[in-house]
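Each structure below is given as structure tokens.
Each of the two complexes below includes chain A, the first together with chain B, the second together with chain C.
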Partner chain A sequence: MILKVINTIILILVLSAGSSAKSNAAPDSQTKMILIPGGYYLPLFKDEESSNKEFVKPFYIDTRPVTNAEFLEFVKANPGWRRSNVKRIFADQNYLRKWKSDFEPGRKINLDDPVTDVSWFAANAYCKWAGKRLPTVSEWEYAAQKSPALINKPGWHLLYEWTFDFNETTIQASSVCGGAGASANDPRNYAAFLRFSFRDNLKANYSMDDLGFRCASKSFGGSLNKK
Partner chain B sequence: MEKKKIIISLIIILSSLAAAAAAIYFSGCGEYSNKVEGVEYANLTYAPDVPPAIQRNHPSKVIVNIETMQVEGRLADGVKYNFWTFGGRVPGEFIRIKEGDVVEFHLDNSPICSVPHSIDLHAVSGPGGGAAVSQTLPGHESVFSFKADHPGLFIYHCATQPVPLHIANGMYGLIYVEPKDGLSPVDHEYYVMQSEFYTTGNYGDSGLQEFSLDKALQENPTYVVFNGSVGALSGDNALHAKVGETIRLFVGNIGPNLTSSFHIIGVVFDKVYLFGGTNVTQENVQTVSIPAGGAAIVEFKVKVPGTYTIVDHSIFRAFNKGAVGMLKVTGDYNKEIFSGKQSDNLFYGSDLDKKLENNPDSQQDVSENPANSEASNENANSIVDIIAAGKKVFSSTCFACHQPDGKGVPNIFPPLAQSNFLNADKERAIGIVLHGKSGPVNVNGKQFNNTMPAQSLSDDQIAAVLTYVYHSFGNSGKTVTKDEVSKIRNGK
Partner chain C sequence: MKKYFFVLAPALIFVITASFVFENNHKENLKGKSLSFKEAAPMPANNNIEKGGHSCCGEMAPGKYSTNSIYNLEDNWKNQDGQNVKLDYFSGKNIVLAMIYTSCPTACPVIVNEMQNLQAKIPPDKIKNYKFILVSIDPKRDTPAQLKKYADARNLNPEIWTLLTGSENQVAELAQAIGFKYKRNTNRNFTHSNLITFLNRRGEIINQSKGLNQNISTLLSVISK
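On to the complex of A and B.
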């Protein structure tokens, strides 16, 4: 409950922060998206209040995480998200730490690789700027189950991706010392446990080397700010 | 008046001396105070070392700083594994503190780790043993404090989801909360930790091995090891002591699945603190059961020099999965405690035993054996008796490889039957039985390349067995005498 409230506060903060970005248009070339048909999804953790299965409405999701090149465009168009400008409450000191400067990822960074060291606030703002939104945990996990190729692309050293409600499913209370297995629908899904334990410890301003994001939307290519 | 003054000042001096003495007694080596005083950093050691006993007579604030790291390392010769560790090694550092200490624990997760980590110390009274408050993302630090109320030996391990994976990958160690009164002094203290590894490849398969969830779920480890890898407690890494010294082992078993049957071959534990508690639960113990996530303290004195093998006596784990360590003891032999080998005799079955019982002469000299007594009695000259004695030697020593019919095993063990190699050179044959032979040899046109060990047989036995072989299996019928064997034995 508290987490939900915090998320709502976060959302309001981001909406107000995002208002300054509205005047800047998203890139014309939209990232390729695929339709994930609606259906029932079995969450990793059992929900005591409702039936186990959760219905996920049809949605579109990017076929790959947002790249350094794409994020560079976003930063250029939105001065508030430059590394030198960003406020600490929106991104910690690791924000884009591997980039050489505000507008130069540098030679060591492959522009086509997924962008990492971006906070939840930054990822959320990017998706809004692109006319999309972050996928929910349920959408992300459901998409990964339906289409595993989406998350297992060889050559990417990206392990985790931001989701809209990343810390809403807390595993900590029941998780200590192996207890979590009993409350899980599939205790053998160790990859999912790794993702949940990672998400569970995140705060929205954290920026990490192994953490990137992709966007989702109700319709193909997004709808909100699209020009 | 003068006298009275002197007496008073004497009383003053004496009483202040007494007060000073009392102060020294109570603050120095005497009663253990419950007041937490001072701050210090914990002395951490890697296995098999244990930090020295704590001399304080009061609890302190103790700062423990451990960094979680993911490192590729050696699991066995030629076998690598991507270990998740406390402090860069498996097992993690040994933490030694004193009963009543207040520990300020700093858990740092290396920025190059790919997953969050945490710590559950079984010595902690509180939710998750610290796990709930120490969940730490890569590049972050968690700090929490606890009071070490319970003395004893405890496991610590990572408790981040999925917990079994974090444990299976190497995240565990021991924390010893030394009781107020300490333990009796010993000559050596060592840290031994048993654990399992589950790899996709078989035992010994080379290269970087991945974690196998299937084997872990079946509780069927590929490796069971002491101190993190095969050989981490043997050879150059063996434990050492001298004859007459006392040893205390702090033994932990993290599992993650198996209960250990901890045993040292050739040692009886004088004292056992079962489950790592504070009481000596048994004396004179052979094997200690240590549950997964549990510990034990064992104490013993080494009395005879030699190498002692430390095993999980669930013995296939020792023989086939790596659960072997060594304790090397140097010093003088005490033959009253252990004689060493006094004789090496042949045994022909219980019938002959009965025969020996009626022959007190052959029992007096332990170097004498049945074949000798047969060969050296009145009928020694009888070739029939010699061949009969030789057949017995063959049936106990040679037949396993050369086969009862002397035909050997194709490509592995050369034949003795109609053997050109055997029949060509009697002296060479004697030499091979005496000293063994290894490397390529051509017998009856076939190449063999194997090793035959030197045989510990008497000259009489060798003469008898070779005479038997030469008179059997279609061979040339040569006779070999004791003198011929002696000559070659001494000529070497």
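On to the complex of A and C.
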């Protein structure tokens, strides 16, 4: 009997310790990632100071953008990213604006759809929380070239995705009119033009309807639970 | 058996309760650790900024900054002396801030020059209210030692100037927060904005000067607001 009771106590202690350790970690069911093998990527805009081609190291990237359901988990675990709490410097007033409340996306929102109305800071923080990071512009564009299915899934109304260094493009692609087009490596790539132009006009705290994100990593599944 | 039950049941309840209390306290402690400014950003007692009885910094509690303050960025940076510094350490000062890299051949020296000219125009009795900050966008090469070397070579008074280096992610977040654009070129130089940012005592951007060779009097009028 005594032994049984002691066992019970130990069991309870172990269980409660386990649950407390788990409560703050990123979701276990990781978004599927695929390996993008390293290779040369031809940036849309020519870099005057270097050869045109840029080497992209191998990396993993999520096969789909982060969903409302996943982002909800993140918001629950990180009070600073709740809609009612978020700092304006990190996300403007449109942050998660279509959600009903902090923890209720609401009936109009499909939990499995890509989350939108999230800022760069929020996207960056999410990926960090998931043990991953945002892909760079070069990685994103290279992945899209290598594996177009990544970005062309029917049913998604997502047009754009955050990248880690979206703001770097501005310097070379200050506008997408005739002048910039002339220096582009592939003037026919209209969708890419749109993306570069769009990134050019973004600020990191903007939250917009057609703008979501996905994460990348050097290793499969990121480095989850490293802490 | 019954006897055991009466002894052990309360004991069991006590142990379970205690374990939950312990766990919650433990959680609170952990929470405190990651959020407490004072604990996480210990500044050395011999820091020059604290001399002269002027205690500017680290007094504000978390959450006290406005929603637009860059002091909401909570990560630790390293200064030129290798000490950990959070941005909100500078709260209470007027800040003149630029993002540069020390091996920058052309634009950055001009920006730092401008900041030095600006510093020279501030009356000596007012200078203690100001802090000039250079943040490296090249964390790989700009170690604290390299920043120190740079500060010494350019005669940057350590009581007024702080040079900071952090992770690539920290640099990106700060750059995004102030609208600074940069890109590493393959030849190890950067293409970047030429931007001097002025922050008030609460870490809010009050003005920014874009481009090189700004008129000093214009900058001064900005800074003295």
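Definition applied: the second predicted complex is superposed on the first by the 193 of 227 C-alpha atoms of A that agree within 3 Å, B and C clash if a C-alpha of one lies under 4 Å from a C-alpha of the other, contacts with A are read in each partner's own complex, and residues count from 1 in each chain.
In the analysis below, a contact is a pair of C-beta atoms (placed from the backbone, for glycine too) under 8 Å apart; a residue touches a chain by one contact, two chains touch by 3 or more.
Because the structure is predicted, anything quoted here is derived from the model rather than measured.
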Touching partner for A:S197 - first (chain B), second (chain C), both, neither: first
Which of chain B and chain C A:I89 touches, first, second, both or neither: second
Contacts of A:E54 with chain B and chain C, given as first, second, both or neither: second
First, second, both or neither for A:K128, with chain B first and chain C second: second
Residue contacts on chain A - larger count, chain B or chain C: C
Contacts of A:M208 with chain B and chain C, given as first, second, both or neither: first
Partner chain(s) touched by A:W120 [first = chain B, second = chain C, both, neither]: second
First, second, both or neither for A:W162, with chain B first and chain C second: neither
Touching both chain C and chain B, counted on chain A across the two superposed complexes: 171-172
Residue ranges of chain B touching chain A (in the complex, touch as defined): 111-112, 114-116, 120, 127-129, 131-132, 135-139, 159-165, 213, 217
Parts of chain A lying in touch with chain C, wherever the complex brings them together: 1-2, 5, 8-9, 12-13, 16-17, 20, 47, 49-51, 54, 87-90, 120-121, 124, 128, 133, 164-165, 167-172, 203-205
Complex contact set, residues of chain C against chain A: 1, 4, 8, 12, 15-16, 19-20, 23, 26-27, 67-70, 72, 169, 172-173, 175-177, 179, 181-183, 185-187, 189, 191-193
Chain A - residues contacting chain B, complex: 94, 159, 171-172, 175-178, 180-181, 188, 190, 193-194, 196-198, 200-202, 206, 208-210
